[in-house]
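The data blocks that follow each hold one structure.
What follows is a pair of complexes built around chain A, which joins chain B in one and chain C in the other.
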Partner chain A sequence: MIDVLTPLALAETVDLLTSPSDITGVLIEGLAKGSLYLMIAVGLTLIFGLMDVINFAHGAFTMYGAYIAGVAVLALGVGSMGFVGALGTFFIIMIAVFVLLAVLGVIFEVTLIRKLYEYPPIFMILLTFGITITMEELMRMIVEFRDINSGQWDIGWDAPRQSSLPSELGGTTEIGFVNFTGLQLMQISMGVAVLAGIWAFLNKTRYGLFVRAGVEDEEMARALGIDINRTFTAVFAVGSGLAGMAGVMLMWDPLWDVNVPLALAVLLPAFVIVIVGGLGSFKGTVVASFLVGLIDALGTWAFQTGVIQFTDIDQLMIFAILVVMLILRPRGLFGVKGQGDHG
Partner chain B sequence: MTFLELEGVNTYYGESHILQGVDLHVDEGEVVALLGRNGVGKTTTIRSIMQLTPPSEGTIRFQGEELVGKDTYEVADAGIGWIPEERRMFGRLSVEENLRASVPDTSKMDESLEFAYDTFPILRERTDQRAGDLSGGQQQMLAIARGLIGQNDLLLVDEPSEGLAPQIVANVGEALLEASDSVSILLVEQKLGLALDLADRYYVMDHGEIIDQGDTAGVTAEDEQLRRYLSA
Partner chain C sequence: MSAETQQVDSGRFPSWIGQYLRDHLLLAVIVVLFAVYPFLYDFLTGQFGLTAQMILPRTRTMLTILALGLFAMSFDFISGYTGYLSFGHAAFFGIGAYLVLLGHNGQLPVVPAETSFMLLLLIGALIAVVAAFLIGLISFRLSGVYFAMITLGIAEMMYVASNNWAFLTPGESDPTEGVAAGSPSEIGFFEPALGVPFVESLQVEIGPFGDEEIFGIAVGDPQIVSYLMIGAVVLLCYLTMKRIIHSPFGRVMIAIRENEERAKAIGYNVFYYKMGAFMISAFFGAVAGALFVGYEGAIDPENSFFFLVTGFALVAAIIGGLGTLAGPFFGYIFLEGVEEFLSREGGGGGLQPFLEQNLPGAILDTDILGLTINEALSAFMTGHGDFYAGIIFIIFVLYVPIGMLGTLRNRYGTDSLAKYVSAGVEKRLSSSDGETPATGDD
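Now for the complex of A and B:
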């Protein structure tokens, strides 16, 4: 049952809703979450836009990235390092995860996904769904055999993993009525860096031009001599790598649980973003990532402050956006006719 | 020298047998018109050559090389350009980006762009405009420019005058005539006058088969036999 009746008085709620520090807090958390969502959703939207592949395995890459990074920071003793050492190690782990999962993405694309391009979409959905279940169960076996989540190795999981976060990133900085943590700043910075990198790749490189051409009209792009299969492999690799990077970024964040269901937990909002932004639209994905990030942060805030007492209010609000968008504008904010056009 | 040669080409869309043993050839430097009513298989012939709708039987050789079984991008790499009926612009890309995507050799990018803009000066004025925002005539010019700068030896041109005003059709015809100095062309065209003006030879298709062929010399758009072939 949805228990949304608030114990707070109306005046108290209005005070909270108009508090500058709460508003900026929600905005900053929204940007941080939006940055994570962007890293996950951008690969999903490019993969769909280029080859009409709805990749249900995408969330599993984020879950793998989070696990690999979490185990790595504990195994390498990042918690006992100085700030610079910890940060440097963290970024090395992030690059390694990106490369590892990009390679895994290439293997999946070349050996499995490519075989089904000519088949109806349901085949691809079943295949990627099968991949995600396999990846999840494989991780579940590793987690249980190694007892990662409950604390073998004397390293525990959630608490020690999160406590390995350098205090410089975990601590709150206050400037006027604006409060933010170093981790939020790092997540937003990474989001901006990914945004700039993908934008530059798509708009300033020849390969990016091929990707944009292929997203619009794959057949015509082939007829101009563009090897779309190779382009797709590259996009699949980058998308998988970025999804893994998002996992690394959220591994230290106390708002996220690093467990096997994380694959689904990140996949659903990512699908909402892709649909709300417009299937295959990079600009739409950017806008929708931050929109969903803000709504998510608003829902979390509403629950944490007691305005609404329903644990999944953030999820409910995210899916409400999806429903409204599908009714009012089925092709999404920046979608083009023929792609995701239900009307 | 035979540039492009189709022998016994059979192509299906699902259960529908569209091309039923098509034989035709295009020689080096030739412009060949493929004539016929709507729905007789002209566009499918072009799509089969490009391997967009690969044939089930028959051979398609270009400069002696078998194309059947190749990927479409390999056909394009072999030197065959496609100017499709619906123009198929990348509508969200700018005019210049559409052109840039068509030039295989980046070392020739500047001269290729300059050639395209010299051929169709209106495109120079629209260089940063989204291709999707161009008029139908401008889009056709861009489609042809894309084919011309693709460093192709053969152009497959599908209905270039479709939906265009007479003045634009004349411009398009001039551009293709100029292009024919340097490339061979297989032209699908409903406007008989334009097709005969441009082509050295013609084939007539009906129900997926070649039913007539000949030289265009001395043949006019008033030719009764041809008009009968093309009438619905």
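Now for the complex of A and C:
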């Protein structure tokens, strides 16, 4: 299938190993991608860990976040604000999207998902799958109807990025032999911030304690007077909000297209990460995100330098990781049989 | 046919045929209804015009339903009966579909170009069986969500490959656009013929430009000929799968679903049974793919290997009833029927043209929030069938989790396996916790 290992490949691979700027380039790109993946997948992990819900609608939330951010960026005229103003507005939009999608998550949890907790877990997959079909098609209607991106729902909408991404973020900085873009730096710092935030939420807050207790032993937590149902709602809201936030980040990243198929394009790698890390394990998700990010970056590098001439090599490799991991360690990196863990 | 059912008894055929038909009167009636459907559709649309067009799915839609319905049944065969959710089932559909076209275009090793359709169909199905064997070898070490995800991962790899692999489309065309029959121009016409392999006289050519008669009986329209022939193959596949389900092998499959540990403890080697079931369902999944391209003459990755192909088989299986075999087929009809009713695709009927013609112009031109009702109708009721499908699906999952056929069999079925199966599903649903879930009327 990959019939195109040209003689060039060897020389290029040696180049990668000997050229420090290539190595750091791939590393930084991998970290940036890993941070994005972390933002996408962490909500999925939280929801699964506590509620045993495999949330197929997660990607749709990300897609909604990206579209809302795109519309907001264009409507507010972020492009003409200057660097600090643009960045500030961007973060405000991000918080607004978080809140909006968290509210949407609460609505879904209370009206639909709550009814199925007693059913076998497969029904949760079915329900959220139904939600994602409906949400995607609704967005398609809106895109066609409101003439967003000239009504093209399956082609990337890059007008918001082109008009609003500050040149400070788009340009490349060079320190010694290390090349990086401002955007990569921002993505990595966002990833670290989300990581720290979730860690603090789980380990330092009272609600985080409830969540961990619920994961550990739901019935015992109930017996001790913790309102698990409300904790479920809260965690679903946080997970949905995080998915939306990731969408806002993707809006600025040139490697991702803002379109309706984004929902699935995001969902499938997120599943891979969550499963490779071990279902429900926060630690595992963090490790798997960066692992997948690095491999993705390596694949992209291999394609760009012409080692492999296969357009979607990164996607192919992501699913290959899933298959190989499930063969080697069927429960993922940090998965535990039965319940997931947070640590 | 029910009149014929009585005649059969009179000795021209072995008596078991008569007995079988009497036992399966309902099945026979449904089959006859399906067989006369295209003629009925033509008659009714001729008689009642737009009203009939609005309600009934077109023959063209029914053709697609036949192939995809068979796929949904093959999905149910593994997922509904052994409880292993095969989330990458689209892989087998894709293998069946692609193999027919690649074989016809002469791109396969060993197989010469323009090999007959029946042969390619069988080769594709056998390759799917081999693929299922390999996939099962690694996947059946896992269960539950992990099994679903590893099959999904493998199918997605195939999807990515089919999107990028230049081998599939020689020449300059883009693999994402799909493969069409006869794409290198020296290849002859794609003339798929269904029937008995190697016997020319027992085959009927299907496709939009196929035969107009079946074994000498003039039907008139190639579309109807294709419908009847594909329908016959689907019926054959259904009966085969049903036979397997009702055999001891099938009972072990159900035992695996109900309690795998116990099945193992009794002494069954569950791994063999799971593999066997998976391979059988892959076979029929690939046949469905081949039948699909048999009429379409082209396929693209989006319609074959893509995750949503499995997704909609799952939707159909839930609506019709998981673990009822025929249920997913009827689920597909229901789904497509509703989609076509609520959203116009291409030149199809549905509610929108009906309203457009029958509502007075004053209402159509009423302005709400800057757009007329007419514009709103065409915006929300053209090509957005999936939206309504999603809503219907959610309603079914919440309120009718055992599906249409499951409910029917539960209520009206005799003391049969089907009843036992549906009751089992329901019992599992309600017994997993003390509280009784709100399952509506069942």
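The rule we apply is simple: the second predicted complex is superposed on the first by the 315 of 343 C-alpha atoms of A that agree within 3 Å, B and C clash if a C-alpha of one lies under 4 Å from a C-alpha of the other, contacts with A are read in each partner's own complex, and residues count from 1 in each chain.
Assume contacts are C-beta pairs under 8 Å (C-beta built on N, C-alpha and C of every residue); 3 or more make two chains touch, one makes a residue touch a chain.
These numbers were taken from a predicted model, which means no experiment stands behind them.
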According to the stated criteria, A:Asp147 is in contact with first (chain B), second (chain C), both, or neither; which is it? neither
Quick one: classify A:Pro120 as touching chain B (first), chain C (second), both or neither. second
Which partner does A:Glu216 contact after superposing on A: first (chain B), second (chain C), both, neither? first
Kindly classify A:Leu224 by the partners it touches after superposition: chain B alone (first), chain C alone (second), both, or neither? first
I want to verify the contact counts: of chain B and chain C, which reaches more residues of chain A? C
Overlap of chain B and chain C contacts on chain A, residues none
Which residues of chain B touch chain A once you look at their complex with the stated criterion? 50, 52, 71-73, 75-77, 82, 84, 88, 90-93, 97, 100-102, 104, 106, 146, 150
In the complex, go through chain A and note every residue touching chain B. 206, 209-210, 212-213, 216-217, 219-229, 336
Given the complex with chain C, which residues does chain A contribute to the contact? 1, 54, 112, 115-123, 125-127, 129-138, 140-141, 144-145, 264, 268, 271-272, 275, 279, 310-312, 315-316, 319-320, 322-323, 326-327, 330-331
Please name which positions on chain C make contact with chain A in the complex. 85, 138, 141-142, 144-146, 148-150, 152-154, 156-157, 160-161, 163-165, 307-308, 311, 314-315, 318, 379-380, 384, 386-387, 389-391, 393-394, 397-398, 401, 428-429, 432-433, 435, 437-438
